[in-house]
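Working notes, beginning with the structure itself.
Order as written gives the chain letters A, B and C; numbering starts at 1 within each chain.
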């Protein structure tokens, strides 16, 4: 599916999303003394059928963003428009309908499956609760179908999670995500905890499933090489904000934001001649605390091209090149 | 940069060469007996007491309440294996029937308290927030009362007798169970499979009953066995003070109350045997509970 | 650290208030009218005026909230009401019996600690040896033995041994003499109940010391000390014991509850006039004023003991102190 074939109207539109966690203190009465601004006002869209990568270091807010979209957290502010409906404010009843359309694949295959349930039960449970198949026989047929789609022999349905390897368990997680026939799947670091060779298998599986079922992915990761293989567009996050958003190849070939450039510079190239000629300039400093982020542009203390205004003005996303958005005032094309 | 990917990725189920690590319940029980001899010994004691209590009518040689004034305070003999008390009642029969009382009280208190504690503890951990805070406060207050004191206070209000005794002992046990199971539940509340369940839209009761409770079964079982022992001791103490089970229901604590001290020097068997029964039963439960805890420790399991 | 202290101390207040509320509630749950129960001569007849007077005396004619406030305020003033059984002020009755129970409790803890810690350490050092096995069995037996039965066995033993040794049975005295007046008589009275009550505490402490010691002995800094060639008993005393004893301290708080329970039955066995016996009598005699005062006293003692133990633990563990 090429980019041109994608539907123009976005499936998911996030506007001004904020997720602030209060920090409390107090002996008898707890007072709020601050907030962890995990997600501090982000905007992006995901088109139907595409894979949007969301990358950044640990603590940048990408997982929290995913959880907000899944409504595992209730956003502090902002809108999340899924197919036109603002899901940020939905209540329980309506959420049930939403669950059939948005699903999730978690990072850790070892703790994302209930150790006390058989694999078949794990996958069958959402089917049963949502009433998709009322007869047990049809349910188990569906379970077997899902397992084989994910590359597992249907006999695995009788096994417990601890009797399987990490890669196999992750496939079960994928099968469970597919059980409700969703359109949109949040892959929260879905391959980060797997061995590299297994990563390749799972990544290819996800690609095939996307084509087969017409899925849309939000792929959260910190490994840029995996992202490049899988995503059509990529957004880079830093300290709760999106700093760059572009088509995949464009981002990797022409990173504009200093942070993105630093991230890409840190990835080794498997060609010794190329690698030897690169000069590696690590970003100085450490990621600041999310409770007290720097004023203005959050990256300015570590930025090689920062100027005085960077400390005062919070940069908004602008489009210096076509379909390539950067949140930086100093970028020159 | 591309990742070279294998063309086929279907993993065949190696279910056929699945190593035989899935053992039946019987086999696991047998392994338990072999690895934990003390625990097995404890279990055997408990089973003996249970059989005695269940089949009291058939195996007790005399009626536990039949006075026989021609055979008062007789030492152990062939006619009365454990001797008779000051009313001529056969000690052995009273101890056998007493086992029934002890185990009924013990198991009732343990089961009710553990189940109630589980609901309160896991529910409190799951919902969190203010519900958790206030419930913990209430449980802390109840736990500020030592067990015997609380039981005595309840008996003071509602009176004595088997049913009141069960009620009196269950109440202080509930918060103790809730506290332990709450901390177990808290440690699994943030686990991804709970998040997955929420993402699938499961309701609160399904998540609690199907996903959290089965994963706190280990501490639950250990608490259950510990509670039985504690309940038996508490009932014995209450009956000894005359504030527990009342005559004519046979109970080990009661047997020690009736003039056991007066006859201490002349008829020591009146004092020794009932207490020995209590100690032996609780000892059995303690050994079994200890062994169970060792066996359920995931670090020591062979999986 | 100071915040922890303040927080911990402040926590006492709602707990005690809650306990007072619970005691108050429990006493009000007693079926029927207390005054009728006590003054009624059976058959459903009672003297109206006597009951009204009793109501007024107990303050039962006031609204519930006022009663509760008086109840709590009374404790602060030290006015616990009048015993319904003896007619004397509750405080007097309690004060008369308090020293015995206190002495038994303290002696029980002392004896238990003296026995348990060395034995627990020994058990850990010689893990899985016959000695360890014996000690473990003895300690589990200690948890399983009802304390009143142990007391009875003690009496049995005393009687039979004194009979055999002196020709006449000897029983420990039952009227209390303070320790500074007649130490021998006092100790001979207190030692057996103390052993009875303390056996359970020593069993628990023994097990805790053993497991804490086992964990500490596995730590790397012990291996380093041994590799440095330090003499074994110095390792135990200077390094291992201090760290192993930390969790044992918190045990004292938990065991205080069982001590009180043990006191209640043991005083019955040995016929001693202490608070435990008073408690049982008040329940038997339906002396509700006494019962509620004693329950509050016990709970307050328990809560305070736990607070002190928590603070002590925080002070002893440098990680909390400087953290």
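In the analysis below, a residue touches a chain if its C-beta (ideal position, glycine included) is under 8 Å from a C-beta of that chain, and two chains touch if they have at least 3 such contacts.
Treat the numbers as computed from the prediction; the structure is a model and nothing was measured.
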**Asked** If you average the Cα atoms of each chain, whose average lands nearest the overall Cα average?
**Response** B
**Prompt:** By number of C-beta pairs in contact, which chain pair leads?
**Reply:** B-C
**Prompt:** Taking each chain's centre as the mean of its Cα atoms, which chain lies farthest from subunit B?
**Reply:** A
**Request:** Measure off the straight-line distance from the CA centroid of subunit A to the CA centroid of subunit C, and report it in whole Å.
**Result:** 57
**Item:** Approximate Å spacing (C-alpha centroids) for the pair subunit B, subunit C
**Value:** 24
**Prompt:** Centre to centre, by mean C-alpha position, how many angstrom separate subunit A and subunit B?
**Reply:** 48
**Message:** If a residue has to touch 2 or more other chains to count, which residues of subunit B qualify?
**Reply:** none
**Partner subunit A, residues of subunit B touching it in the complex** = 1-6, 9-13, 15, 18, 21-22, 191-193, 195-202, 206, 210-211, 214-215, 303
**Complete:** Contacts from subunit A onto subunit B in the complex sit at residues 70, 72, 95-96, 99-100, 103-104, 106-108, 111-117, 125-126, 129-130, 148, 151-156, 158-159, 162-163, 167-168, 171, 173, 176, 180, 199-201, 203-205, 225-226, 228-229, 269-270
**Message:** Quick check on the complex: what are the subunit C residues that touch subunit B?
**Reply:** 14-16, 18-19, 21-23, 26-27, 29-31, 140-141, 143-149, 152-153, 155-156, 159-160, 163, 169, 256-258, 260-261, 264-265, 268-269, 279-280, 283-284, 286, 288, 291, 295, 298-299, 302-303
**Message:** Under the definition above, what is the set of subunit B residues touching subunit C in their complex?
**Reply:** 137-138, 140-142, 144-149, 152-158, 229, 233, 236-237, 240-243, 253, 256, 260-261, 264-265, 268, 271-272, 274-275, 278-283, 285-287, 290
